[in-house]
Amino acid sequence: MNRIDGRSFDALRPLELERGCNRYAEGSARIAFGHTQVLCTATVEDKVPPFLRGSGKGWVSAEYAMLPRATHQRTPRDSTRGRPNARGQEIQRLIGRSLRAAVDLEALGERTVWIDCDVIQADGGTRTASITGAFVALVDALRWIRDRNGLPSLPLRHQVAAVSVGLLGGCPLLDLCYEEDSGAEVDCNVVMAEDGRFVEIQGTGEDALFSRASFDALLDLARQGIAALHRLQRSTLDLSPEEGILGG
Amino acid sequence: MNRIDGRSFDALRPLELERGCNRYAEGSARIAFGHTQVLCTATVEDKVPPFLRGSGKGWVSAEYAMLPRATHQRTPRDSTRGRPNARGQEIQRLIGRSLRAAVDLEALGERTVWIDCDVIQADGGTRTASITGAFVALVDALRWIRDRNGLPSLPLRHQVAAVSVGLLGGCPLLDLCYEEDSGAEVDCNVVMAEDGRFVEIQGTGEDALFSRASFDALLDLARQGIAALHRLQRSTLDLSPEEGILGG
Amino acid sequence: MNRIDGRSFDALRPLELERGCNRYAEGSARIAFGHTQVLCTATVEDKVPPFLRGSGKGWVSAEYAMLPRATHQRTPRDSTRGRPNARGQEIQRLIGRSLRAAVDLEALGERTVWIDCDVIQADGGTRTASITGAFVALVDALRWIRDRNGLPSLPLRHQVAAVSVGLLGGCPLLDLCYEEDSGAEVDCNVVMAEDGRFVEIQGTGEDALFSRASFDALLDLARQGIAALHRLQRSTLDLSPEEGILGG
Amino acid sequence: MNRIDGRSFDALRPLELERGCNRYAEGSARIAFGHTQVLCTATVEDKVPPFLRGSGKGWVSAEYAMLPRATHQRTPRDSTRGRPNARGQEIQRLIGRSLRAAVDLEALGERTVWIDCDVIQADGGTRTASITGAFVALVDALRWIRDRNGLPSLPLRHQVAAVSVGLLGGCPLLDLCYEEDSGAEVDCNVVMAEDGRFVEIQGTGEDALFSRASFDALLDLARQGIAALHRLQRSTLDLSPEEGILGG
Amino acid sequence: MNRIDGRSFDALRPLELERGCNRYAEGSARIAFGHTQVLCTATVEDKVPPFLRGSGKGWVSAEYAMLPRATHQRTPRDSTRGRPNARGQEIQRLIGRSLRAAVDLEALGERTVWIDCDVIQADGGTRTASITGAFVALVDALRWIRDRNGLPSLPLRHQVAAVSVGLLGGCPLLDLCYEEDSGAEVDCNVVMAEDGRFVEIQGTGEDALFSRASFDALLDLARQGIAALHRLQRSTLDLSPEEGILGG
Amino acid sequence: MNRIDGRSFDALRPLELERGCNRYAEGSARIAFGHTQVLCTATVEDKVPPFLRGSGKGWVSAEYAMLPRATHQRTPRDSTRGRPNARGQEIQRLIGRSLRAAVDLEALGERTVWIDCDVIQADGGTRTASITGAFVALVDALRWIRDRNGLPSLPLRHQVAAVSVGLLGGCPLLDLCYEEDSGAEVDCNVVMAEDGRFVEIQGTGEDALFSRASFDALLDLARQGIAALHRLQRSTLDLSPEEGILGG
């Protein structure tokens, strides 16, 4: 089977990952998975949500949105619609959980890192690109905190990246573009740490059920794709061995 | 390891499932998974959302909410807070997807079935109880449509039920209550059809990563729990062989 | 004249009143007036609204809502509509005023009792059923406060219950069901204390004006119906003479 | 007992009622009950709410609001608070019901009269002043409809006015000002037609219960006050005998 | 060219300006520019917005709204629409900036003066009438503050008034009414202090561009109109020489 | 006087203007005025707002927003705050008016061009950069309409660009960056067409009044800056003589 853009079933799209694209944020990254482009910023705030006050622990909170013309058809803004978008809220909850898994919240102390993922252009995989790019912004923000506050080490526990996999015409595919995603019988988003363990798995078969065997094949494919994303993150961040447990 | 309520690791909580608890709705059910109680109603509307008009296809749309004192602490109402609750929106999207997988939307014709899941009391597993109970309300609403409109058969493709599984202290547990859920390292919700294939899998490891092996153990446990729920649905609905593909 | 359900003009519908239906709330009750069913919970909070801070006085605040399919046609949720429902707000203000009249707010101290009345099924009289059921939940919450805080006595001043009366075809009727209520020329809700004095009277004649004589007949009928509700509340609550001024 | 402003217990405050204060509205009036001032406009719209389309019947819909500094302390605007005010919604529902009782909705045809009552200054009795003034605006709008559309007669059934009465220190008082209203044990708003029959009665005893005898005394007092308001409306409107059933 | 109402090109409409029209506000004024009527109140609050706390400086904040039937067609209320009106927000920001320019915010101390401008009837020029009338309410509120708090002098820096000018059929006109404003090629609002210097200039040519020469002619015309408004403000306020720098 | 970044008083910041940065929009541009960066897209919709239906005329509607971390401090999203931002609404109204002045709305026909200006990074002048960049996106969208619909010519009347000017320390400055803007006594935004005529002038002197002479100096400076922006737009768009009246 030939994919729309000629890729093999297990190939990622062309990747771009650029650090420091925003001059104000404590950490920032621009990431592209093919035509999907996301701006990620990390903002440090010296307080935590009410439920953590006095706990000594920190927090990571994420927001996700799309520019109106990130999509083929223009999408009205949430502020015009007067209410948040359910899909966006679901995605930002996923981003937040995934990045909290990466951070040592105790070592972070009573601080919040706000992650903003704004989709400039959408061609499938915006949530996985967001997680992968936001991790880079997050690490730079953690370095900023470490240096400003004299922390003994980076409050980082894991390296986190994400990719989508799916079944299209019965065939497992890695990193679906929008057109593939629209036609897929099964769509699965996988968030994984540097040691191959999972942070989150979301598999959905609205148009078709999926068997355990198919699902296993998808997870294998995801693992391979995420390994490449982990390598890209590490080289972009220029991580030193002292900065953590991060080993491939 | 002893569970809080003395169950074995692979036991469901006491189940209750009652059809027809609402005198107005085209289908309704009250379900209890232990102390978790949900009222499910199915409402038939003779129109579809804009994107389906003229397509000949139907739709299933779900809404989920909790009564303010369903929880240990009183939760303010969404209408008081002035905005929908992100967690609730995520859950109702899951319920909607899961039940659409059960229905033959072409055979349904241009009709919408609205599913309302209102949690009367919450003790963990409200989303899985909602899906399991809502399936019963849905089938009665589909019967109502079939009988009113002389459809040749029930527009049903699959039988759908759901359960939660998780790792607590490294141990896989079936059907977590609130206290177990709060302490679990990994939480996974599984929606499955009558033939053992998956509709949806959502595995989350915010406090801990999880290995492929643990995840496999969780899926095995879920399969076993859902089989029991499928049996309960079938007997409650008194499904006749003519009503469908439903066989265990 | 025969009523729809065969009752005599001065008969209440079959009543059900069950205490303690919610395992988390400090007080709770499920009440049914015929097919009308309401869940009432009372939640104790150790603070008061801003206008009472430092006053030493407590408060009772009520919220009222209907499940979407409590009604013949499904009603969209307030949170979906994005704004509170005017009818519901009017009713919850009435419930709040009525229950505050029952409580000794000075003796209560700086605490708020939140009353939630959620209509599971609606067949007329939801506001009067709510007040009557909520009183039971309230008393159990006051007992909880008394026992927890060593109050010398129950901070209760009055026993409060409510019923609807109306004119249909010129005939006064007690406890109208939905079909009667829709056709009634005059609709009146009466809230009364144990000594026959009024807490609130709301008489409305949108489709017809009403004379002083008719109104007097309605108030007589209401008094008789409320006396029966007072007896039911007392036996359900198992009120002891020491608990208050409550005598028939 | 002397009242704050020296009135006798059964005296209204100085009344002002001016027709045609707005140059655009189909009907308008400015009314003052002492320091309480309300602007009332009536707007004619050639359509009806969805539930009346095709019925041949018309509708009257009311909105009520206060300017921010109508009150002793400035009140934030609803649009700033982002949600409608529950008290205002309750009042506008009362105004709407009261004026619909005045109109022959069949004869009105499929038109809506929008009533806007905006309180310029508030010193108690704003809802009763609103109803009394809005009736004048309404009649002018009905005349406008009659003349524009060649209706055979004014689609008017009743003359409607309203006043507040209350018990203060056990004494029945007519037309309470803000200070009296704040201290009253019982507050009652009465809407009455030209023949002495009631449109609406709302009696509330939050701080004290009230007996049947006290309530009877309040209704007597209200009747006397409303008769004076009816006379003022008639002379202001310069009603001709042909315009209706209106006789004192 | 003859204007609709017979005015010469450089004539203001008949002006009315009345102080103290509201009995509760610390300052108030009713202003009319022809058929345009605005109620302006000034409310003193003993705190400032968060960004000024601890600064020793005060603030002036303005809100602007129209009654629903201020206009030829009834305009739905913001609270009904559920969101603030963009035009209204733009105008209230202009009013706020203009009046802050008039006040010595340091001398005011940590207090906020809230300005409310409510348009009773609109016939063009509502924002300029609002600014001109609100200045009068503001000065009375500043006098109230001075007298209550023993300030050495009125915390006033400038006298501020505003007028609209525009090009209609190529002709510069002063103080446009609604019909002129609708047809104008260019519309310009000018806010000016007592010494002829500008506070704000907003010139808009949506239907036609405008040259520097035309714009100069408009500013000349505005200056002349504002001088008359300054005189009216001074006589209405009965300003004494000791009260400030205000000289024509 | 030396400016912060070493520019002379009449120098623009380094400009970047890139066409076609979005692969879905009918027109798009990325513009930078120094560190200020804005993404502008133009979307074509084949319908018009209600007030233009059947008129044969088209419309241009603009929306403006900032990414949360476009600013030094993170700004919460409008959708999180639950209400649109007043400053943003004012700016998008300005952008809409300015671009409508550029278009021949009759020749456009019943179509709407939606302009979205999203600020990626803000360092002063976001509204003027938005107008200048959006013009480029708009022209490409008009070309798309012309080519798709066989219009005889481009429905364009004027070339529009904008710049800010201000007084800082009494000195007129062109194209203020954020730090200059914060300190400026007077801030003025000027929108101008290719022939030197004005589309819009907004001059504000909150912290200081401004004389006619200063204002004249600001307008002169703006004219010179806008001429450079016009040249950049023309070369970026590669406008041919046949495409319009555009000549410098």
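By written order: A, B, C, D, E and F. Residues from 1 in each chain.
The working rule: contacts are C-beta pairs under 8 Å (C-beta built on N, C-alpha and C of every residue); 3 or more make two chains touch, one makes a residue touch a chain.
If you want to know which protein each chain is, UniProt gives these names: A, B, C, D, E, F = Ribonuclease PH.
Note that the structure is predicted; figures quoted are calculated from it, not measured.
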Note = chain C (Ribonuclease PH) and chain E (Ribonuclease PH) share contacts with D
Query = Which listed pair, A-B, A-F or C-D, shares over half of the residue-numbered contact pairs seen at B-C?
reply = A-F
Key: CA centroid of chain B (Ribonuclease PH) to CA centroid of chain E (Ribonuclease PH), Å   = 60
Request  = Starting from the mean Cα coordinates of chain A (Ribonuclease PH) and chain C (Ribonuclease PH), work out the distance between those two points in Å.
outcome  = 51
Key: Contacts with two or more other chains, residues of chain F (Ribonuclease PH) listed in rising order   = 82-84
Request  = Starting from chain A (Ribonuclease PH) and stepping next to chain F (Ribonuclease PH), give every chain of the ring in the order they occur.
outcome  = A, F, E, D, C, B
Ask   = Hey, which residues of chain E (Ribonuclease PH) end up touching chain D (Ribonuclease PH) in the complex?
value = 22-25, 28, 35, 39, 41, 43, 45, 63, 65, 67-72, 74, 77-80, 82-85, 114, 116, 118, 120-121
Query = Can you list the chain E (Ribonuclease PH) residues touching chain F (Ribonuclease PH) in their complex?
reply = 83-84, 86-87, 89-90, 92-93, 97, 100-101, 158, 193, 195-207, 209-212, 215, 219
